[in-house]
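Presented sequentially are two complexes of chain A, the first with chain B as partner and the second with chain C.
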Partner chain A sequence: MTAQLSPPRSRTGTHTGDRRPTSRRRQDHPAWFLFPALAVLTVFFFIPTLFNFFYAFTDWSSFKTQINFAGLDNVTSLLQNGSLLADLRTTLIYAVLVAIFQNLFGLILALILEADTRINRAARVAFFVPVVMSALAVGYVFRAILKPDGTLNAILGALTGQHVDIAWLGSTTWTIVVVALIHAWKWMGLSMLIYLAGLKTISPDIMEASRIDGATWWKTFTSIRFPLLAPAITFNVATALLGSMNGFDIVQATTGGGPGGSTELLNIFVFRTFGQGLFAQATTMSLTLFLMVTILAFPVIKFLRKREDVLS
Partner chain B sequence: MTVTGAPLPTTDKNSAHQAAQRRMAWKPKGLLQPALAIALVVLLLGVPFWLVIATAGKDQAEALNPNLAPPTHWQLFENFATVFQQGRMVPAFLGSMLIMVLSVAGVLVIGSMAAWILGRRRGKGIAFVYALAISGIVLPPAVVTIVLLLRQMGLAGTAVGMIGVYMGMYMSTVVFFVTGFVRTIPTELEEAARVDGAGPIRVFVRVILPLLGPTIATATILICLYVWNDVFYALFVIGGRLDTLPLNLYQVASSGLYLQNWHLIFAYIVLMSLPLLITFVILQRKIISGITSGAVK
Partner chain C sequence: MKHAWKGTVAAAVMTAALLTGCSSPAAPDAASGPAAWPSQSTKLDGVTLTIWAAQNSNKTPQSVIDGFQKATGAKVNVVTIPDPYEQGVQTKVATGDKPDLAFWQPTASELTSLNATQTLQSLDGAPWVSKYTAGLGDMTGQLNGTRYAALVSSPAVEGVYYNKEVFAKAGITSTPKNWDEFLTDARLIKGKGVTPFYDFGGGTPWATQWWVQVQLADAAKAGLWDRVNTNQEKFTDTTIQTAVDNYNGLIKEGLFNSNLKTATFEDQGKALLAGDAAMTVQVNSFFGQLQAMSDTKTLNDKIGFFPISPKGNMGTFIPDQSNALVAFKTGDTNREAAARQFLEYWMGDGYADFVKAQSTVSIQQGVETPSTVPDALKAAAAAVPTSVGSMQALAVANPDLYLNLGDMIQGTKTPQQVTEATQQQFASLAKAQGAKGF
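Moving on to the complex of A and B:
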């Protein structure tokens, strides 16, 4: 997963000077090499995606033997019971919160663990362990930690000397933030590594110049190092947004979409309604996710890349 | 957080560089940075991980309310034995292994074949195919209609269907990575093989594939992680008809939470995390340097 989100350019330049006839070139790189990949993509990716645009407008369910065209029935019913807009909003809030937390934690960890000492190297490895773990498992662990009579409240109680029984996963307002924090906890190790790599690419000459100018650590960070981290930020923000918009495991394991549907992501709805046999409604929500990602991802990536261009 | 320090003597350019770098990173010699690093590891990682291990070693009554107290009587291995059977660990491990190895190997070979052509040939057609082939990096898979299609093809609930779905999901990532890399390989290398009379298949297998190794290591690691830990797409495609580790965890936990069997859930989590964790610890240096070196260009 590199930060190169635009098509890579040829760095060799051998093609421009290639004098051989094109027919020879075609024989050397036959088109049939493309077919297995395109066949897999078509069958398992493009056709299901096209199906989405059709079955979202039918009455396909496990209760009927026939599938009939139903127009906008699914959309109107999902709009009327409010779940479409509510889940869309929840998914967006979740994605934005995860992107913020994951990058903030990753960057702070990278700055703290930047020097190449033995303790720091060990700590970097340790922070990568949650990345390797199953997200579902992480969810169950935090479900136990965040119980009203769980570990976090016990620690807080010991620190304050009072009995603490906050229902971390029981608030219709704040639980989404808590769940986003868990998601960020799981992935912050990956962001940290990317930021560490970004920090390493900054030339020592620039740091030296800023030192001679008498800049403080903070000044150097905000006006030199942070802007130069743009490619790492692009990669981290884009992957955090995409990962959390497609999120499921952590939310399913901690809250299952509750309390009161306040953490119900689009994928949680899709899974639940699919289990109930309401396939067409699940497809409509799946299509909604597809459209949301399509509409949001491209401008976001473009915006982030524009920030990089300013630098070069 | 200002670590300004006294001006350094700039007699030697090299030492000045090193000094500048050292100054910008937290000073390794002070006590504050190592203390902070250790505190973060203990608080953010130590507490959750200790909770998992302590609870996995308790009996049901003690684990009813998971806390940080060590078990009065360790029964870690008894709990492992219980979930090993109840969670059908052996078939789940084999199922996860089969699906991961075949889908990752398949997507790497097929994706690299396509990427080689996409990296070498020019034209509007090729540019269009390339754009299409990498669109899956961003676009989410249509999970509901995939199930419908698999049912129509008779692949629903089978390992073949699941492998196909994963290959479709990660094909774009492989094509994207490898195309970028293929363009950096000088064509002269291929020419040399061609002069010796090698056809396209030979050139691809003998020249291109061996060069790919280190470059696609990062992509391979991440795809392995995603496939091994995936439960969302597996729930749709194979449901309960094939065992994989995350699917069985979902089942163990769904019934375990109802019965308040935290010790069994956590014992399962420890066991299912071990294969990847051991692999990671053995290969940690390579994995971390692979991700950091290939990451930001």
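Moving on to the complex of A and C:
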């Protein structure tokens, strides 16, 4: 699908400007207009990123004043340390779980609240509220709800008539799922909004045609609407997956990486190492995370973009 | 377009180069000798001092500040640094942000992590040092022979807080005299159907390490941490490994609370006070928690303290952040002198008011401990002179032993993995400091 954005020009025109349309377009926005934005981008994005590379190969710590080049020292000591690989694995599992839950919940909500009724609008706002809440606040609230003598167990106890004291955040196997659910709960409102917008772009003609053909709701969804939602899915899955690789706040507030280190995301490890004063090692770890996100981002986005081919 | 891009790239590279040039995190500062000590009441009108404090120490200096402001005309602000306090302060200092004074653990490892020789004022020659009771001044607050921290209250001691009523019901009339008697009593109490020990693996399991450290007291006296500091002995070697194994063995034996994996610090205090458990191995801040839940009389009736070590009743001292302050080199000589004067006032004219307002044990000759201080705290303070330093006090670095032990409680690490992980972290910290042997 290509679009004609500029008005057609006469190929036989005598004006000099019309002969070289590209040079004229360049004059529309002089290069120096870019400088303010580029300066901001440089100071707040490029340079910190460069420093992330640079400090990873030094011995920067809180114990010394000088920063010396240390070569691959940090990398080798990190590779010897089993925690790094274990935490990378935890981070990946967490990110995949969040991506699944957040998109599943977001899509279900979008389908339920699709019609523009007053109640639905109010419900959309309600589900969007967690998105704007502080992640730490969400974490602490859930920690209070999920503790053995917390609200959830009290509710379950009242329903079953028995004393319930399940430690929801106490299992070394399942707590990561619980924390991923909390993360997904916080962000599902955003996914919902994007899916709603995606659903609105589907042409009513196609829907009408499918209705006339006698397609069921499920058939319409699987064969028409879901494939046509591809751009929304690309955005939602990519942001949820890659965003939660950088997760920290919710997990820190609910479990702090426990129990038994089973929810220790790489960022929590980075935070701990930084807190010990080993700044260079912490930087090396965040570089590892950066590399992992980058390596993962390309195939994931490529695959998701491929699905968008149905639109063209 | 090509030329424009070249220009922007060049500009970006230049900006980057310029910024790199001026981003050294902390400018080096020439070390200086002992500074002069001004008189306590020197007028300081127009001088404003800033003290960094943690959430649990930001009220501590109030009476001192009130008195100091009145006496000198200076203004003193307390800024609370959110928890985790040590990490917050370290990060700020590393990026060049410094207060005049800050609460800080007066141990060698924590002074090192603040880069004391570069960032802190030397407190050598401080007039109050000679007035400390029982040689407290020599026990802590120094790094490589230079004093950097002013100890203001009795350092915390790792030891056993016990419920007197539970002991009486079990027929135990005197507190155990060594580790074996300690375990005999515990098994006796278990036989009576009461949980002997209470610890917590939920939340941040920071008290787990006390169990290992009190078992190391005799070894520490014999120079364990000196050997660890020089890499002649490792956490994975017999001494420390055995202590970890023993702790694990006691858990497996069922001497601990059944909800060990999920219990929290708050639960621990409640359980001991209610007599649901007989003993906890803890430090002074635990007693602070009990004080928040009860009054002095009840505490005197119910809760006692005794130090424990394998061979006897040697305590293990661990000064914490609320026990001491450090003064920073800010580059402003007036404020630096005022900061020293503030500490001088705290440990001088202001000290009697301070121990009264805080209801804490006096560590200065000539200043009486107020009668409102509970017996258990007095017992803990009395154990300090014969105590030996903890890992935090004597080792060059403070690895996350407690977290690894917490993992052991949850079953994600074996006792061997606990010491391996701790040794690994200790070695990288020691190496970063440039300690010999790493």
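Worth pointing out:
One rule holds for everything that comes next: the second predicted complex is superposed on the first by the 282 of 312 C-alpha atoms of A that agree within 3 Å, B and C clash if a C-alpha of one lies under 4 Å from a C-alpha of the other, contacts with A are read in each partner's own complex, and residues count from 1 in each chain.
Note that in this section a contact is a pair of C-beta atoms (placed from the backbone, for glycine too) under 8 Å apart; a residue touches a chain by one contact, two chains touch by 3 or more.
The model shown is predicted, which means the values in this text are computed figures rather than measured ones.
When the shared chain is aligned, chain B comes close enough to touch A:134, but chain C does not.
By the touch criterion defined above, A:38 reaches both chain B and chain C. In the superposition on chain A, A:204 contacts chain B only, with no contact to chain C. In the superposition on chain A, A:81 makes contact with chain C only, not with chain B. When the shared chain is aligned, chain C comes close enough to touch A:59, but chain B does not. Applying the stated contact rule after C-alpha superposition, one finds that A:260 touches chain C and leaves chain B untouched. Once the two complexes are laid over each other on the shared chain, residue contacts for A:272 go to chain C alone; chain B is not touched. Shared-chain residue A:246: touches chain B; no touch with chain C.
After superposition on the shared chain, chain A has more residues touched by B, the comparison being chain B against chain C.
In the superposed pair of complexes, A:172 makes contact with chain C only, with no contact to chain B. Contacts of chain A with chain B, set against its contacts with chain C after fitting on chain A, overlap at residues 26, 31, 34, 38, 43, 46-47, 51, 60, 147, 271, 274, 279.
Interface of chain A with chain B (complex): residues 1-4, 7-12, 14-15, 18, 25-31, 33-34, 36-38, 40-41, 43-49, 51-52, 55, 60, 109, 111-117, 119-120, 123-137, 140-145, 147, 149-151, 154-155, 185, 190, 193-194, 196-198, 200-201, 204-205, 207-208, 211, 216-218, 220, 225, 231-232, 235, 242, 245-246, 248-249, 253, 267, 270-271, 274, 279, 282-283, 286-287, 289-290, 293-294, 297-298, 301. For chain A in complex with chain C, the residues that touch the partner chain are 26, 31, 34-35, 38-39, 42-43, 46-47, 50-51, 54, 59-67, 77, 80-83, 147-148, 167, 170, 172, 256, 258-262, 271-272, 274-279, 281. Only residues 1, 4, 7-8, 11-12, 15-16, 19-20, 23-28, 84, 86-87, 90-91, 93-94, 112-115, 118, 201-205, 259, 261-262, 264, 400, 403, 406-407, 409-413, 421, 424-425, 428-429, 432-434 of chain C touch chain A when the two sit together in their complex. Looking at the complex, you find that chain B touches chain A at residues 1-4, 8, 16-18, 20-28, 33-34, 36-38, 40-41, 44-45, 47-49, 51-52, 55, 65-68, 106-107, 110-111, 113-114, 116-118, 120-122, 129-130, 132-134, 136, 138-149, 164-165, 167-169, 171-173, 175, 177, 179-180, 183-188, 190, 194, 200, 203-204, 218-219, 222, 225, 228-229, 231-232, 235-236, 245-246, 249-250, 253, 257, 262, 265-266, 269, 272-273, 276-277, 280-281, 284, 287-288, 291-297.
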